[in-house]
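Labels A, B, C and D are assigned to the chains in the order they are written; within every chain, residues are numbered from 1.
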Amino acid sequence: MNIELMLESLRETSPTEALEPQAVPIDETFVTLPPDCIHAAVQVLVECFDLRHLSAITGEDTGDEIVLLYHFWDRHGLTLRTPLPRQNARITTLTDLIPGAAFYEREVSEMLGVAFDGHPNPRTLVLPDDWAGEPPLLRPEKRQ
Amino acid sequence: MGDFSSALFALLIFPGFGFLCACALAFQWIDRWVTARLQGRIGPPWFQPLADFVKLMAKEDVLPIGAHEQACAALPMVSLAAVLTAALYVPVGGLATSAFEGDLIVVLFLLSIPALAYFLAGWLSVSVFSVVGGSRALLQYFAYEVPFLMAFAGPAMLSGSWSISRIATQQSQAVGMVLVQPVGFLLAFVGLIGKLKRSPFDIPKAKSEIGAGPLTEFSGRKLALWHLSLHIKTVVGIFLLVDVFLSGSFTGLAVPTALAFGVKVLFTLLALSVAGVLYARLRIDQLASLGWKVLAPLALAQMLAVIWIGAG
Amino acid sequence: MSRIMHCIAHRIVRWARRKSPWTLHFNSGGCNGCDIEIVDALTPRYDVERLGILKEASPRHADVLLCTGPVTRQARDRLRRIYEQMPAPRWVVAIGSCSCSGGVFRGGYNVLGGIDRVLPVDVYVPGCPCRPEAIIEGLVLLLEMME
Amino acid sequence: MSRITIPIGPQHPALKEPLSFLLTVEGERIVESALRIGYVHRGLERIFQNRSYVQNVHVVERICGICSHAHTTTYCQGVEALLGLHIPPRALYLRTLLCELERIHSHLLWLGVLAEHVGFTTIFMYAWRDREIVLDIMEKLSGGRVAHAVNVIGGVRIDVDQEQVRLILARLDELERQIESFLGVIQHERTFRARTRAVGYLSIEQVRSHCVVGPVARASGVDIDLRRDAPYAAYGQLDFRVITAEEGDVWARTMVRALETIESVCMCRQLLAGLPDGPLAVRAPRRVPPSEAVSRCEAPRGELIYYIRSDGSDRPARVKVRTPTLTTLATLPDQLRGVNTADVPTVLSGVDLCIACADR
């Protein structure tokens, strides 16, 4: 995995942002991108670098915003980070590029209430059928 | 009066109902114990089948809504009646309650009634697993029944009689039919495994696939009767196999008939247990192709050979 | 006379029940630890078949329901339904700390915290996970209770 | 032909854990399948946030009872990275030893379950009987059969002496002989082959597009194994093969797992022979400075990944767990299409589902 080359290509997909790679423990590089660039960036990674192994999608409510982390791996980890607003969070699905992302997105969607536009099957994954409360991983003290 | 009481004794005690029930429980225990031993386990105590039976008889008897109540109650009785009737014509150690020319065909027919009752039980008890199990039971019936029947036709044609008792007594003066028709014996044995729905042909009641198959929704007394009828069927099936194929003397010594019969029955039962331990369960389509592509042609060849020998 | 007969029949039935407890296993949200130990109890080293214990596939055939897990919301109704499908007399054994009290999962938003929140439990077998010996001990305790 | 729907689960003899399937069937062929998980969802990711780092080691171990050590290894590795700790080599070796023993136990367990599902009870009994050898070894080492509580943040809490090493080596020899005999049965028993060949097929393309990991991916010819590709703990010092196969069916998965088990036995021998001297753990502070880490491990079922973020307190701000089963679950509808209903248990057990892992 050639991180430098990848970052170079990623910069082309989001010209407005200065991409600052951040190294994180255990062989992982973090890159922050705006939400509307994620789909294009992943398209580049899949098509030009054959980086198709998406290990996981982490969603987190930090209190101010919802952060999504796309963990890729090919002998070295690459994580794309993108911030979303807490209100009405939505982002384009990756299932057209990586079918394996379907379950990850369903989980993030029910845990944090993020909508994935274009997801083929956006049903709940692990929450019970009669779940009526807020998405469970939203921070309670900041809930409206 | 003497005739009447001895007939009653034959019907109810020996070799009738009482003896068959005792055999069914004993055979079930031997089978479970041998299987456990071969699998490195200790196995159940000798009274286990009896305890199971009594417990089931004393349990609540429930049926799901929508199941056909009268039919579900009648089917285990039909199955039990059929195997008990069949048992009348199958000699035990040379003793048959009754016999007539052609009883082999009647017995084979009676022994296939439980299979049909089993299918209906699955069909009428509405659960999906029961329905799937029932349709598998029917498919399986078509796969094993033809080679099974043809395998029994061989000895009958050779000894020129369709009476089980006659086939058995003729053999006991000569050599065992198994040596003359080893292929026939093998086919009958494999067919019997299919008929008794024992591993590896326990397809209609495959636990890991469809629960308990047609019996999934049965409980309490009905389940107990089902188990009893299927285990008596095992007993009758083994007796039949021994009578038709193994009645001859193998050692050349004059062994008491009853003892020789007991040893041969035990041997067959052990063979059934071992076959169950050694193989993985087949799929219904695999069994069907085994039945029609391998067993049926072999059975046909066996029959033609018998006819040719008989003619020559 | 009829009372003596009745008494004898009663004793025989009780004997049969103690010698032939067929079990059904349901995981209501446990971690697998106790579940594999339950299955382990069937295998050569422990072999519960020598006590007449069988693992049945259908609730209709079972006498004892072996439950593991803290009961998640999604599993709750199913647990209740399986119990209702079992013919009487029936018993419930809660296996593992989390099925006794919720264990480490107690307080989670999706767990109810123990089998006894849904069903009447006859024997509790604590341990996280409990060993096969403990499970067998619990079953023997249940059989003694049937006296 | 008329279509019927068969509900499978959440209580079903083929499922040790609850999971439900709605199969649409034409005759005995499956046309469509809909999957529902969540029966084991305990909301662990919320629970993690309310427990301290040290308490979480205990909780993480209870995500799954089969691969409990893989979970604690990945978690501790992540927290140690956040703290910048250097773990003593002896601790790393012992951690790795338990990882490999757990792999043997998990694979043998799986072999038994598969055998039971194809109606081969004898192999089920034998596989579980021999699994007791591994459980004995693990019990001797840690005191626990299924949950071992071996890992702590900063190292391990167990030690072995020469006497134990000798004993373990002797039992490993016994185990290897048994596994080789299973291998013979798997390869040559015709009924077993008939039930597992060409069942549950996954192509290399399906595996890659669903991001499938572990033995399932390797059995379809995708050569990934974190133990070799991104060595953690003591795997860098070990000499081992990564087993792959081309067929992509349940039989290939069986072969891959059986050969992996033998490979694991060899790795255990290497680990015991090369066990370095030294301390077992370093002290870890209770509070973790703000940072984040991604930790990966090769659990028995494949890549296990933890994302941990700390905010300076003694509790993690976020612990995200993605277990290998979640990736293989997504391929089940593909695998089940066109399959005979009798093969459903085979397909389900072929991918070695761990629902407790997938639901958390």
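The criterion applied here is as follows: contacts are C-beta pairs under 8 Å (C-beta built on N, C-alpha and C of every residue); 3 or more make two chains touch, one makes a residue touch a chain.
Values in this document were obtained by computation on a predicted structure and should not be read as measured data.
For chain D, the chain with the farthest CA centroid is B. Comparing chain pairs A-C and A-D by the number of C-beta pairs in contact, the larger count belongs to A-D. Mean C-alpha position of chain B lies 44 Å from that of chain D.
The distance from the centre of chain A to the centre of chain D, each centre being the mean of the chain's C-alpha atoms, comes to 26 Å.
Centre-to-centre, using mean CA coordinates, chain A is 62 Å away from chain B. In chain A, the positions touching at least two other chains are 127-128, 136. Within chain D, contacts with two or more other chains are made by residues 13, 38, 41, 43, 46, 125-126, 129. The residues of chain B that reach two or more other chains are 39-41, 129, 207-208, 211, listed in rising order.
Every pair of chains in contact is given here: A-C, A-D, B-C, B-D, C-D. The part of chain A that touches chain D in the complex is made up of residues 24-28, 30, 52-56, 58-60, 62, 69, 71, 73, 75-77, 79, 98-104, 111, 124-128, 136-137. On chain C, the positions that touch chain D within their shared complex are 24-37, 39-40, 43-45, 57, 59, 69-70, 72, 74-75, 78, 82, 98, 103-105, 107-111, 128-129, 131. Across the complex, chain C meets chain B through its residues 12-13, 15-17, 19-20, 22, 43-44, 47, 49-50, 52, 56-58, 60-61, 63, 85, 87-89. Taken in their complex, chain D has these residues touching chain A: 37-38, 41, 43, 45-46, 77-78, 81-82, 84, 208-212, 224, 229-230, 232, 291-296, 303, 305, 307, 309, 317-318, 320, 322, 326-327, 329-330, 358-360. The part of chain D that touches chain B in the complex is made up of residues 4-7, 12-14, 28, 115-123, 125-126, 129, 189, 191-192, 194-195, 340-345.
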